[in-house]
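For reference, the structures are reproduced in the following blocks.
Next come two complexes built around chain A: one with chain B, the other with chain C.
And now, the complex of A and B:
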């Protein structure tokens, strides 16, 4: 029984939150990595693209809610999601047409485009705040829990509760579906193959008749979808606040780089590595150990490797170590 | 000699021209950054007082006052300094209301206000460190120090029979100061703090923090954070995982969005926020309603009071020179004299013009103690049936 309690406590506080957070980071990192792989620059505006897509989704969600539309136990935002993606896609395509294309045609070095994307980031940042404001927005409706801590306790008779939120379930399911579709698209379809060819060797791809503008457009469309899905899932699970999305950029880039920039598989692995390193290394093992150890050996302290204030230091230490020993990331990406 | 006379005459004409201009008051708040959602209400409060004085036509023989906004951000010392620099040397303000967060306030005051001899009255910086700041009498705050709040908090919890708590604080001057003063007061009175750990604001995920807090345990979770920052994320995660059911929430966490977001889910949670049962609180609410801002928004009353104190001190000394009127601030805020509430600034200006005395009570029952900080009146609240309810005043 005690072992069960220990496992449940670990699941509840480490595994489930870590997995959901990891999935959110992975989706964000996929977008960053695609832009890096195909358009060859680090897109600092990605966090705010997520914010913009999520904002559009929230506005549609509110409209749907006011019309009395709902998905029953599922959040209405899922219904609004395609419209959010559409809005983000329009924004990205307009940005590309108005800004990035200019630099691409002049064959500007990547570092210039990175700085340009920083400027774009601030514009998106202001745009989102201008439209929806700076406050927290909660747009979750429907059933909150698949299983709540209290129900779990009364069901099993254990001392520890296990909570699985609907949003955590949705996050993981949606992330799996999105990743599967993306890989099918990149590996099996003609457009996907031309994107990979363009990523591998731009000149060769041009010679073999691939239309670069089309590849760029499809990339932005996919990035818009990934960013909006990641943003909405994150917003449903936690809450939407423009400032937080801006801050999300850091762990997302860490995930993409740890996994190997430009490598989609690496982005997913990186997301989970960063998420779990934040949660596990700073976890206080006291509760778990009290269940596992005989009474005489029970710890009196927190049994914490390091304080939670160091959780970012942990993920960035991992980043540095990976880059020192494998400059291209865990999975072979392009070196930075 | 002739030249000198001419020069003197020219200077006096220039000085005369300058005094006919508007008096500018800096409103230096964190309009962007981690406390940006507090700034809107606070700026409205300060600007309401400025507009009221200006409209009365009684200040220093009928001068008008205009607010000039500056963005101090919350935690970026360099930006706060730059914004204060612009207000003082660019716009030529005669006094500053601000800054919002304790960190920004310290930076703006030490780097700009003090060297330039500028009065700063912060409505919301509550870090205990500001009490011992070397200020030459230029710094005041209409918010109380958190050293006092820590004691109030500890009293409330112990009275409720809560003898063991876990504490998490926002990792800045405000959170750390409050958490430390609380832990000192609480353990001295016999309580146990199982863990005292910071959380970063605006971060993506708080599972790690909640995991550690849950593991440490305790009867209640003290969240010394911001309501529109990491605070709700921590509460949400603690509720969802079943780690804690009730919370104790200091001033930064009390706001309408708390009950909107959590409602009955945090029934039984307690907290305290600067506030009084003085008539001023209702009056600022009425003013806010008329002008389209929320008079009860966190620190909006204190902001109104900060702006009012600067202007009334100018009137009392007949000067807009900070080095002159700074000495009048304490006298105006405290007894003796006629009590002044929000909306009565015209009356106060008149009394001062006639050489009378006032005891400015304002919207937040201002009473300045020590080096010029609010004595600290707290409203003890409890979440009952999903509504933040006032249960006591301390």
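And now, the complex of A and C:
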């Protein structure tokens, strides 16, 4: 019984939140890694792209809610998501046309484009703050739980409850669908194949008649979708605050680098590596250990390796370890 | 306009902006010398930060976006040097225990590095590393947690931290000159952090340094916010001593009052302006010293080598230059300058407030300064520091004025008008991003290009 309780506690506090957070990071890191693979720069505006797409989704959600539209048990935001993606896509395409294309055509060195992307980040950040403000915004509706802790306890008779939030369920389901569609697109369709060819060897791809502008456009569209979905899922699961999206930049980049920049599969693996390390290192293990250890050995402290405020330090530490020992990432990325 | 006239004219233009701020209250200007000097003092500090970043970016092409972290470390140095040791924390050994645990932590890491480099590759090495790191961590936490608990329990409402090196006790404010000692110390601490970052991230792609510095900056701020024993965390440290006299003492000094009266100023204004002028003189001296050093470095063989590396790493390496080592060197130097500026800023504020460190303000704004001013040109960086800081302060009144003008035809309670007036506070980020993009696109060399 104690072992079951320990497993349930572990699932409840580590595995489920870690999986949901990992899925969100993976989607964010996929966006970063695609931009890196195709456009060959680290996009520092990615966090704020997520914030912008989420903001658009929130505005549409509020409008739908005021019209009385709802999805029943599911959050209305899912209905507004396509419109949010559209808004983010328009913004990214306009940015590319107005800003990035100039540097691409002049073959500017990547670090200049990275600086340009920080300028873009400022502008997006300003836009988001201008339109929706800096405060926390709540846009979650529908059922809160798929299984609540109390139901689980009465169902199984265990002391520990297992809660599965609707947002966590949706995050995992949506992430699986998105990743499946993305990989199908990259591996099976003509456009996807030309994207991969462009990423592997730009000159050869150009020689074989691939239109670079089209590849870039499709990339931005995909990135807009990935960023908005990641942002909305994160916003539903936690909360929407423009500044936290900027701070997500570090774990997202860490995920992309750990997996190998430019490698989509690596981005997903990296997202889960970072998320689970963050959760396990900052979780107070006391509860689980009490069930597992004989009474005499029970821990007196919280058995927390690091405070939750240091979760950035965890992604950073993993990043440093990977940079020191395997700079190309776990899966072979493009860069050294 | 010839190149040689450009710099004096632009600096004269900036000077006029500050004089206008002091003399007229027309349009967005406040007409107060107090405000003008206040902006100027921060502009001097910003110019020093820009000088440091210019060293990294302009001389060597390194993209550091962790400036905030180095600035905050400088601020921490001011506290650690100029505050008195907290009564009780050292006497009963709690603070010593924390120090001991930190030494143990460092020893663990050094031992692990030694094991990694000296032992033969294989399972034995991995196992030793693992045992060493895990054991070291738990031992560190055991000693450390005890010390922290002890220190933080001592009068948590007023101190609850280890304090600093000020020998003055209750009269610690008489030791204001200690804050000036703290400036180079801030530089040293920042340099130490830069060494650690540089060791791991330099020699790889340029983006990796950017991400690593972004990370270390966030971590430094997290440590400052959460480690109450160090600098009281979010409870802030107030009342740092200062190297210039206090207004209240000046107002009680008959000699000063007499001179103020002879200039026709009331004592309050005269004392605040006197204090700000004092800071201005100190900051200007530091800026001039650093500028002189930076110029000397730029024109030396070392500076030429740096630029050769920046312009073509492969060729420089073929000529036998150790690119990674030179990069590490200049990265440390630039970060140290940011640390000095950070210590100066905390001295000027008289307090350390970890929550006030925002990356957009302390990292990206400095980047805008360097790029707008002219990367690679020290005078450009300083000009950018002055100009962009002035703009940063004034964008809000300009934005307010703009929204008021644009919506002046609307009713007082029109929602759009209210929204616009509210949102003018967020104009800063937007306008700074716009300035950065416009300069990068149309004048990538900046206002004062490198020769």
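Here is the rule we use: the second predicted complex is superposed on the first by the 326 of 336 C-alpha atoms of A that agree within 3 Å, B and C clash if a C-alpha of one lies under 4 Å from a C-alpha of the other, contacts with A are read in each partner's own complex, and residues count from 1 in each chain.
We adopt the following convention: contacts are C-beta pairs under 8 Å (C-beta built on N, C-alpha and C of every residue); 3 or more make two chains touch, one makes a residue touch a chain.
The shown structure was predicted, so the numbers you read here are calculated from the model rather than taken from an experiment.
**Q** Overlaying on chain A: chain B and chain C, fit or clash?
**A** Clash: chain B and chain C overlap once superposed on chain A.
**Q** Output check: A:71 vs chain B and chain C. Expected answer is one of first, second, both, neither. What do you get?
**A** neither
**Q** Tell me the contact category for A:155 with respect to chain B and chain C: first, second, both or neither.
**A** Neither chain B nor chain C is touched by A:155.
**Q** Mind working out whether A:177 is in touch with chain B, chain C, both or neither, as first, second, both or neither?
**A** neither
**Q** Classify the contacts of A:99 with the two partner chains as first (chain B alone), second (chain C alone), both, or neither.
**A** second
**Q** Would you sort A:136 into first (chain B), second (chain C), both or neither based on which partner it touches?
**A** Once the two structures are laid over each other on A, A:136 reaches chain B alone.
**Q** Between chain B (first) and chain C (second), which, if any, makes contact with A:122: first, second, both or neither?
**A** Touch status of A:122: second partner only.
**Q** Which holds for A:163: it touches chain B only (first), chain C only (second), both, or neither?
**A** In the superposed model, A:163 contacts chain B only, not chain C.
**Q** For A:42 in the superposed arrangement: first (chain B), second (chain C), both or neither?
**A** A:42: touches chain C, not chain B.
**Q** Contacts for A:307 in the overlay, against chain B (first) and chain C (second): which applies, first, second, both or neither?
**A** both
**Q** Pick the chain B stretch that clashes with chain C in the superposition, from 166-174, 202-210, 274-282 or 382-390.
**A** Between chain B and chain C, the clashing stretch is 166-174.
**Q** Would you please give the residues of chain A that touch chain B in one complex and also touch chain C in the other complex?
**A** 134, 246-247, 307, 309, 312
**Q** Contact residues on chain C for chain A in the complex?
**A** Its residues touching chain A are 61, 63, 65, 137, 145, 200-201, 204-208, 210-212, 214-216, 218-219, 222, 225-226, 359-360, 364, 367, 371, 422-423, 426-434, 436-437, 440-441, 444.
**Q** Provide the residue numbers of chain B that touch chain A in the complex, in ascending order.
**A** Within the complex, chain B contacts chain A at residues 32-34, 36-37, 171, 195, 197-200, 202-205, 207-212, 214-217, 228, 232-233, 236-237, 240-243, 257, 261.
**Q** Considering the complex alone, what residue numbers of chain A touch chain C?
**A** Touching chain C from chain A are residues 41-42, 44, 99, 102, 110-112, 114-116, 118-123, 125-127, 129-130, 133-134, 246-247, 249-250, 253-254, 257, 301, 305, 307, 309-310, 312-313, 315-316, 319-320, 323-324, 327, 335-336.
**Q** Could you pull out which chain A residues touch chain B in their complex?
**A** Per the stated touch rule, the residues are 12-14, 17-18, 21, 24-25, 134-136, 138, 145, 148-150, 153, 161, 163, 165, 234, 238-239, 241, 243-244, 246-248, 251, 275, 278-279, 282-288, 302, 304, 307-309, 311-312.
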